[in-house]
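Several structures are given next for inspection.
Below are two complexes that have chain A in common, paired first with chain B and then with chain C.
So, the complex of A and B:
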């Protein structure tokens, strides 16, 4: 009972905060809402008996990446955002890119609905322990990550490295030439 | 309510109470030690030898008018000090400060001294302290003042730069102990080598300890890394526009963060409550003594070392501290694998 209540509270926090991220005019508040959403997700991980993942979520996303976001928002001193010019025009007169976005958004909603309706058989109780998907100990997590998912792990590392090198190249170009 | 639960609640309350006291005591200690280092007396008028000075300070801060600049962001300006002080208290929750005890036979099963004990304790401390920086950054931004903004910007950049080295230094100890629970890390440091040298990780991890202490000073924004405040450049940095109780919460958060940092350093590197020759039931006193020693060094460093330049801070953090901590972690991992694997 308590676990179910905690699940709905945390899931509600995550969903509402995520919605508010895009609902804010002020980028500073968007960042704060994103942190709240991450906190909700971390709580859900704890409910799923994965405290290590929860703490990694808080340390890496809420603790490091969002601080970087705040840094950028403050550095650029981003003002309040107003709705785009075309947002006030008739839907059919909007530029093509907005129409593509609308189509993709509709597709996403349909896909989500389909996925949720197909997943009805998977209603496992919240916080259920056991099963191969539950990774509770760090040792187990490390073993799975470096053996079963070794390729994915290395591929992700290389992807991040490429992004890093790319960022450095882009940042360097103006100063040196 | 059964006795065990009552005692556990009492321990939590006691931990909280002592943290509040610690910030008051540290204010006095800082001013007294500063006076001593500058060849003067420090506060001397309130109470015997100025011992009641913190009470006077607190009363003064409570009586002041609360101001908020016109252009300030109402919500975040109020939220920022609350966030800072909440994170500093919460970070201490998983720090154990004494061995298991039955209170001289009062309980059947021994109880653990410390607010909570979780198996990822080290990570919890780290996660919650890293939340504390939002208090400073938001205070800097929401004040709508250029000095505050610069203080907040510096706080975020400094936090990102030094958190990495800090975490990497922690990871090396976790490798040695084979556990993320602070209590288990402490218990793996009991006993001695050759009968005289205590089995503390500071002897196995001298480089890691130095990195931890330097990064810890930077994380708590203390001199010589007190850039978010930097009163010679930024008036008072991120808390320029704050007054009264809202202002008081920032120094309080800073002092409690110092205590947490010292307590974690004691647990990870200095053997916690273990000291050869001292019985285990006096462990809390040993623990307190070790914390006091680190805190004294903290204050000593503040009034001895001049502040770095900002670019030196970045240069040092990224080009010296981070590579050193990564090499330290790799060497530790290799040695652990060689001797245990």
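So, the complex of A and C:
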């Protein structure tokens, strides 16, 4: 019972906060709402017996990546979308071809709903097939990560190095040597 | 216990919100935030399926997705800064030319 309540509260927080991210004109508030959404998702991960992923979500996503976003928003003194411009160009308020995006998003919702309703076995509880001991064990997680997925792990380090060099090269002022 | 389908519905809703954000918004930073929402929606379904099957691989792939998201955010924001220097605007419609 408590688990069901917690699920609906956290899922509601994640969905409403995400909707506010794209319903907001000020990018600053969007970033703050996304942090709230990530907090809801971290709670869902704890319900799914994945405490390590939940902590990584809070520390890496809410901590590191969102600080990077906030830093850029403040650095650029990011202009809000102008209210008149918003009314004029907002696709939901403009007829014609610009509605295509909204139609596609609605189609995606319908398609996902259809796929979910057609699939079987979805009414089984998430914990029905495996014990929580395996999935919540950080020891097991580390063992699989560094043995079965060792190559992917090493490839990831190269990806991060490339991203680091790329970010420095791109953000550098032209003419600097 | 919560049925698996409920987690997948939350995941589908988040993914749809994220894709709507990419299509509808006219601010490069908000578009990048919407991409992050979509990545998180996929993470949620990976972890839910992993729990359903009692398998840690669902959580492992979540870490790789987080790493890619961090790399994407770093490069994407560097691009946004470089573009903002040229046009003093974050509206994607301002960057319509192939060369300046």
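Just so it is clear, the second predicted complex is superposed on the first by the 122 of 177 C-alpha atoms of A that agree within 3 Å, B and C clash if a C-alpha of one lies under 4 Å from a C-alpha of the other, contacts with A are read in each partner's own complex, and residues count from 1 in each chain.
Quick note on the criterion: a contact is a pair of C-beta atoms (placed from the backbone, for glycine too) under 8 Å apart; a residue touches a chain by one contact, two chains touch by 3 or more.
Everything numeric in this text was worked out from a predicted model, so none of it was measured.
Peer 1: Decide which partner touches more residues of chain A, taking chain B and chain C as the two options.
Peer 2: With both complexes superposed on chain A, more residues of chain A are touched by C.
Peer 1: Please indicate which partner A:55 is in contact with in the superposed arrangement: first for chain B, second for chain C, both, or neither.
Peer 2: So A:55 only meets chain B here.
Peer 1: Which partner chains sit in contact with A:45 here, chain B, chain C, both or neither? Use first/second/both/neither.
Peer 2: A:45 sits against chain C, while chain B stays out of touch.
Peer 1: Touch test for A:35: chain B only (first), chain C only (second), both, or neither?
Peer 2: Only chain B; A:35 stays clear of chain C.
Peer 1: Using the touch definition from the top, say if A:68 reaches chain B (first), chain C (second), both or neither.
Peer 2: After superposing on A, A:68 lies in contact with both chain B and chain C.
Peer 1: State whether A:140 touches chain B only (first), chain C only (second), both chains, or neither.
Peer 2: The answer is second: A:140 touches chain C but not chain B.
Peer 1: Do chain B and chain C touch any of the same residues on chain A, and if so, which?
Peer 2: Comparing the two interfaces on chain A, one with chain B and one with chain C, the shared residues are 52, 56, 64, 68, 75.
Peer 1: Please output the residues of chain A touching chain B within their complex, sorted ascending.
Peer 2: 28, 32, 35, 51-52, 55-56, 58-59, 62-64, 67-68, 70-71, 74-75, 77, 138
Peer 1: Would you tell me which residues of chain A are touching chain C in their complex?
Peer 2: On the chain A side, the touching residues are 3-4, 7, 11, 14-15, 18-19, 21-22, 24, 27, 30-31, 34, 37-38, 41, 44-45, 47-50, 52-53, 56-57, 60-61, 64-65, 68-69, 72-73, 75-76, 78-79, 81, 86, 89-92, 101-102, 104-105, 108-109, 112-113, 116, 119, 121-132, 134-135, 137, 140-141, 144-145, 148-149, 152, 156, 159-160, 162-164, 166-168, 170-171, 173.
Peer 1: In their complex, what parts of chain C are in touch with chain A?
Peer 2: 1-10, 12-21, 23-27, 29-30, 32-34, 36-37, 40, 43-44, 47-48, 50-60, 62-64, 66-75, 77-82, 84-85, 89-91
Peer 1: Hey, which residues of chain B end up touching chain A in the complex?
Peer 2: Spelled out, the residues of chain B in touch with chain A are 73, 76, 118-120, 123-124, 126-128, 130-131, 133-134, 137-138, 140-141, 149, 152-153, 156-157, 159-160, 163, 167, 180.
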